[in-house]
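Each of the next two complexes has chain A plus one other chain: chain B in the first, chain C in the second.
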Partner chain A sequence: MAQAVAHDQKEHAAGGHGHGHPPTSLGLNSRKVGLWTFISSEAIFFTALISTYLVLKPRNIALGGPEPQDFLGITLTAILAFILLMSSLTMVLALHAVETDNVRGTRLWLGATILLGLMFLGGQVYEFNKLWSEGFHTIVITEPDGKVERIGVAEHHLEEELPHLQAEHPNAQIQDTGRKPVTWTTSLFGSTFFTMTGFHGTHVAIGVVWLSIVLVMSLRGAISSRNSLTVEMAGLYWHFVDLVWVAIFTLIYLI
Partner chain B sequence: MANQTSSQAEVAAPHHDAHAPSNVRVYIQIFVVLFVITMVEVFASYLDEPPINLETWIEITVLVALAALKGLLVVMFYMHLRFDSRWFTTLFTTGIIIATLMAIVFLLLWGYKASLGGLVL
Partner chain C sequence: MATTAVPVPQAGERSRWATIWEWITTVDHKRIGILYIFTAIAFFVWGGIDALLLRIQLAAPENNFLSPQVYNELFTMHGTTMVFMAVMPLNVGLGNFIVPLMVGANDMAYPRLNALSYWLFLFGGIFLSSSYIIGHPPDAGWFAYAPLSANGGVLPKTNAMDFWVIGINILGVSSILGAVNFIVTILNLRAPGMKFNRMPLFVWAQLVVAFLIVFAFPSITVASILLYFDRNFGTAFFLPERGGDPMLWQHLFWFFGHPEVYILILPAFGIISEVFPVFSRKPIFGYAFIAYSSVAIGFLGFTVWAHHMFAVGMGPIANAAFSATSLMISIPTGVKIFNWLATLWGGSLNFKTPLYYGVAFIFLFVIGGITGVMLAIPPLDYQTTDSYFVVGHFHYVLFGGAIFGLFAGFYYWWPKMFGRMLSERLGIWQFWLMFIGMNLTFMPMHYLGMIGQPRRTWTYEAGMGFEFWNLMETIGALIIALSVAIFLLNVILSRRNGEIPGDDPWDGHTLEWATSSPPPAHNFDKMPVIRSRRPVWDLKYGDAQHFTEPRDVKAAGSTDEDEHSHGIHLPPPSFYPIILAFGLTVAGYGLLYIYSGGVWGIVIGLSIMWVGIAGLASEAARD
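Take a look at the complex of A and B:
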């Protein structure tokens, strides 16, 4: 027993917090090194997805895809951003509770974080459903000189937009290619948007599962200040997921 | 056994001081700041529209700066990088630098290609 305590002391002195995971040669806890490396690689992964969306945005419009502004509402996503920020607060409060051996607080704040994560996922499902149920029309304008222009018009703007287009192009042939739903396959906007936000939503869902496992461990009495790293690791991942939404909210919805 | 419990408590106690000031008040203050920045961001997204009509690049600069500030606060205080080992900061910063460079190169390259022929692909 004394040896075990000595091991714990040695591990803590080296920056470790968990059991059975000795520090690296740098004196760092190997689980945390692994998670920070993973987070670092995830930052590159999500930057690639966001960059792809941004560079293909003009191409989507040139091909007569839907205008993102016609479909992406700021109000809903601002609420989702608030929910994730709130969940980051409850997550650090859960970590604080476990570090101070506040068992009730740990369970309460972990539960709150899970609930807020589920609310975020519910909001995302609502947004995806809304996009799928709405449609857009690609209007092909052929000028007398043969020049072709494609314009994407949201279904709910079609009636007001068509007379404008006819007035702007009096001699052109204007053809409506018909209604298309905003899905993963009908436009570059759909492909890049659903891939990016879908991956983020998947990360949130994984976070909810991870936190639920930690909550069950806490309910079984397996979580205390002695292994608070278990909560800290889940928290680091959760905050990173929030961080990604900070970027998506600004670069995709606000700009 | 009592000695062991005492030793365990000693092991756990310094953790709070060395790793992060587990200060609930700080956490709530950070949340309030993040909330206010988010509200400012929503307001700033209308800067290039009437009646303010600022240049779009100013709006984008303001929004990106505010998002970066939010990210910094989350990483420093909620992810505890401010109080944790500098190696973790180095690990994370390396990824962010690679990601930022990749995004810049990606955007410049596609912008250049678009300027050559209008449409890309």
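Take a look at the complex of A and C:
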């Protein structure tokens, strides 16, 4: 009994980590509990960003801001989502490899995860770039009774859209306020979209750096099943970042 | 597990610089707790001076002691300082020192992270306070309502609110990291036998507070980042003239801001729940109800935020819903009050300073709680919002509640922390002055609010019936200042003249009283067997009075690399936490001057941070 107690206390002294899963009060590794706690905090962070997007979305439309579906191609973003989900798979494979002391597999799958992360970031840069070069027009429709309506029209839809509007509002005065690029500051859509996806992209980038450090450690032979936790922690964070993308993808691109 | 045995520090053997270096690099939760407490006391005094200046301005009608702009700056900094740089870190400081002892741990779960939290707090506080010297202090109120805070509005266009935004975020990072540390410590580092239902109620309170911080702070982080974008990068999240939504700021802020109230007050609940049983010489009445009502308060705390916004026009449905949830919070709070009273009832009361503060806490907090119930009713809120009634209400909660609870805790735990008693005579003097000063300052505010004195207004006209009570409030504030001065005197005198307590001067119940005063670096030489909620009481008065084996690591006969070990192993001191915190603060100054070369500040700051991160990571890898 005394021995067991003393042993238990020794693990406390050690901070409850370092040997895989030493006995702690909960039986869970302390670093992992800490990371889970931090991730729950991050989840609220993204919830607040996503809420901001959703709260400001109707205001953006009422002001004649650009509507996301006119610009954001579902094809590209679906591919990006697929890439990120695949990276979660390779991450799982990397963890499995390290737990079975498969050194080559560890390096391979870590490398693959990093590569997929970089591909996602590349796709995001491409998409941001494309958005910034696109334009939209806010059309102000003033009815004879003084009612004013604002509609955002993508530049590439302008020629087909204007006759439609003319037909729908035969007596109204229709005014084009001119071209504006879709940027961070030209509309509420731009502000919320670039902020939210920008923060997500930053998280992906941090994940890539983290995984790269783990890969370097593995290449130096410093990673084995004894400290598979190093890989597992990076993986937990990586899966969380992927999950956030699933939420963002669903809310922006699918709804 | 490569670790170094840490000898018990011995005073008088080192040079002054070695001592300073030791404190800068310390990762010992007790030292970090002490750093927190003294830094926070300094900010508490600073915030108190802000308040005194405000009160001097309001002592007479149409006074010109302060200009309206300076008045705005002072009430903003008073609120911000007291909330983020005084009461919160005082709670964290006490928790830092006491919680690991109470659960029977050798340190916090992440000692280096703990140091990082402290240095971020210190630098964040310095960052905010530096606005007095190198810029303009924030001036849009501690809740920084947009659009007033967003683009200058009627206020002069300065970087005042950028100081606020960046400072709050540095302090926020500190709080979130600290909270993660508390959660893991409490969940995972409990000594054998310390089950959840045996944890001291102060630990329960700190656990709930840590979860509140983890879930509430991201909301203000997002809000303030968006505010920074609006102010500096031309977005319009909160600017109504460009379609933004000022109410979004209020929702995001109060989703943080209301749980923040419980972050400030719950540790005081925990302190009171420790002080009452010890000074009544009885077990706490209704342990489970007190513990779980903290959880209930924490949970409900996330459902009431919009009661701060009744008057902005959310409509009757939303107002009614938030009114109902707000009223509901009085149930778990009331449960606590009755349990505390029942603990005192029939007890053999040992009327020492901590109990004076404890009893006064109940009296004052109930007043603040009842005015809180009144404000939760929208029609009454319409009448009194933004008046001195609200100011009176929350000072009864935060001064009568949080600060009185903290003083109870100081007098109770001071002998444990420093090995010296605080003077009982000065303590009683301090108590009565604070009690009288507090009531004289804040009670008339209810009346003044009812007859129409608006808050956050730099002066008032003569002949409106405000003069007499405003003068009384100013006198009350001076009495509070005198009381705080006596406390500081008590602290200074106790260093030399304080009675030397035994390990257990109050006949305590919980584990911190089982070790020496002050405790050794590794906390416990021997650990009582924990078979109940009062392990030290069991040890002294129970039938089986025994300790577990001394905590000799070699005796555990475990396998690993601790050859040179002959004691409890703690991580070695580290210089990297302060480096990392410094880097983040430099980057913060970069953000402040983003359009005048601040980018370089960010680059340099991030580079310094990287050194800190890399250093900490390599140290962690060596553990």
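Methods note: the second predicted complex is superposed on the first by the 229 of 255 C-alpha atoms of A that agree within 3 Å, B and C clash if a C-alpha of one lies under 4 Å from a C-alpha of the other, contacts with A are read in each partner's own complex, and residues count from 1 in each chain.
The criterion applied here is as follows: a contact is a pair of C-beta atoms (placed from the backbone, for glycine too) under 8 Å apart; a residue touches a chain by one contact, two chains touch by 3 or more.
The structure displayed is predicted, hence computed values, not measured ones.
A.B. asks: In the overlay, answer first, second, both or neither for which of chain B and chain C A:26 touches.
C.D. replies: both
A.B. asks: Considering only touches as defined above, state whether A:195 meets chain B (first), chain C (second), both or neither.
C.D. replies: Only chain C; A:195 stays clear of chain B.
A.B. asks: Could you look at A:184 and tell me whether it touches chain B, chain C, both or neither (first, second, both, neither)?
C.D. replies: In the superposition, A:184 touches chain C alone.
A.B. asks: Going by the contact rule set out at the top, does A:140 touch chain B (first), chain C (second), both, or neither?
C.D. replies: neither
A.B. asks: Taking the superposition as given, does A:49 touch the first partner, chain B, the second, chain C, both, or neither?
C.D. replies: second
A.B. asks: Regarding the shared-chain residue A:59, is it in contact with chain B (first), chain C (second), both, or neither?
C.D. replies: In the superposed model, A:59 contacts both chain B and chain C.
A.B. asks: Check whether chain B or chain C contacts more residues of chain A in the superposed model.
C.D. replies: Chain A has more residues touched by B than by the other partner.
A.B. asks: Identify the partner contact of A:246: answer first if only chain B is touched, second if only chain C is, both if each is, neither if none is.
C.D. replies: A:246: touches chain B, not chain C.
A.B. asks: Touching A:41, do we find chain B (first), chain C (second), both, or neither?
C.D. replies: Both chain B and chain C are touched by A:41.
A.B. asks: In the overlaid three-chain picture, which partner chain does A:112 touch, first (chain B) or second (chain C), both, or neither?
C.D. replies: The answer is neither, since A:112 touches no partner chain.
A.B. asks: Where on chain A do the contacts from chain B and from chain C line up?
C.D. replies: 2, 5, 8-9, 12, 15, 17, 26, 28, 33, 37, 40-42, 44, 47-48, 51-52, 55, 59, 62
A.B. asks: Using the touch definition from the top, list the residues of chain C that touch chain A in their complex.
C.D. replies: Listed in rising order, the residues are 1, 3, 105-107, 109-111, 176, 179-181, 183-184, 187-192, 194, 214-219, 221-223, 226, 229, 233-237, 242-245, 248, 251-252, 255, 522, 527, 548-549, 551-553, 555-558, 560, 568-571, 617, 621, 623.
A.B. asks: Taking the touch rule as given, give the residues of chain A at its contact with chain C in the complex, in rising order.
C.D. replies: Contact set of chain A toward chain C: 2-3, 5-10, 12-19, 24-26, 28, 30, 33-34, 37-38, 40-42, 44-45, 47-49, 51-52, 55-56, 59-60, 62-63, 65, 184-185, 188, 191-192, 195, 213, 222.
A.B. asks: Spell out the residues on chain B that touch chain A in their complex, using ranges where they run on.
C.D. replies: Interface residues on chain B, with respect to chain A: 1, 4, 7-8, 10-12, 14-16, 19, 22, 24, 27-28, 30-31, 34-35, 38, 41-42, 44-45, 59-60, 63-64, 66-67, 70-71, 74-75, 77-80, 85, 87-88, 91-92, 94-96, 98-100, 102-103, 106-107, 110-111, 114, 118-121.
A.B. asks: Tell me, which parts of chain A touch chain B in their complex?
C.D. replies: Touching chain B: residues 1-2, 5, 8-9, 12, 15, 17, 26-28, 32-33, 36-37, 39-44, 46-48, 50-52, 54-55, 58-59, 62, 74, 78, 81-82, 85-86, 88-89, 91-93, 95-96, 99-100, 225-226, 228, 232, 235-236, 239-240, 242-243, 246-247, 249-251, 254-255 of chain A.
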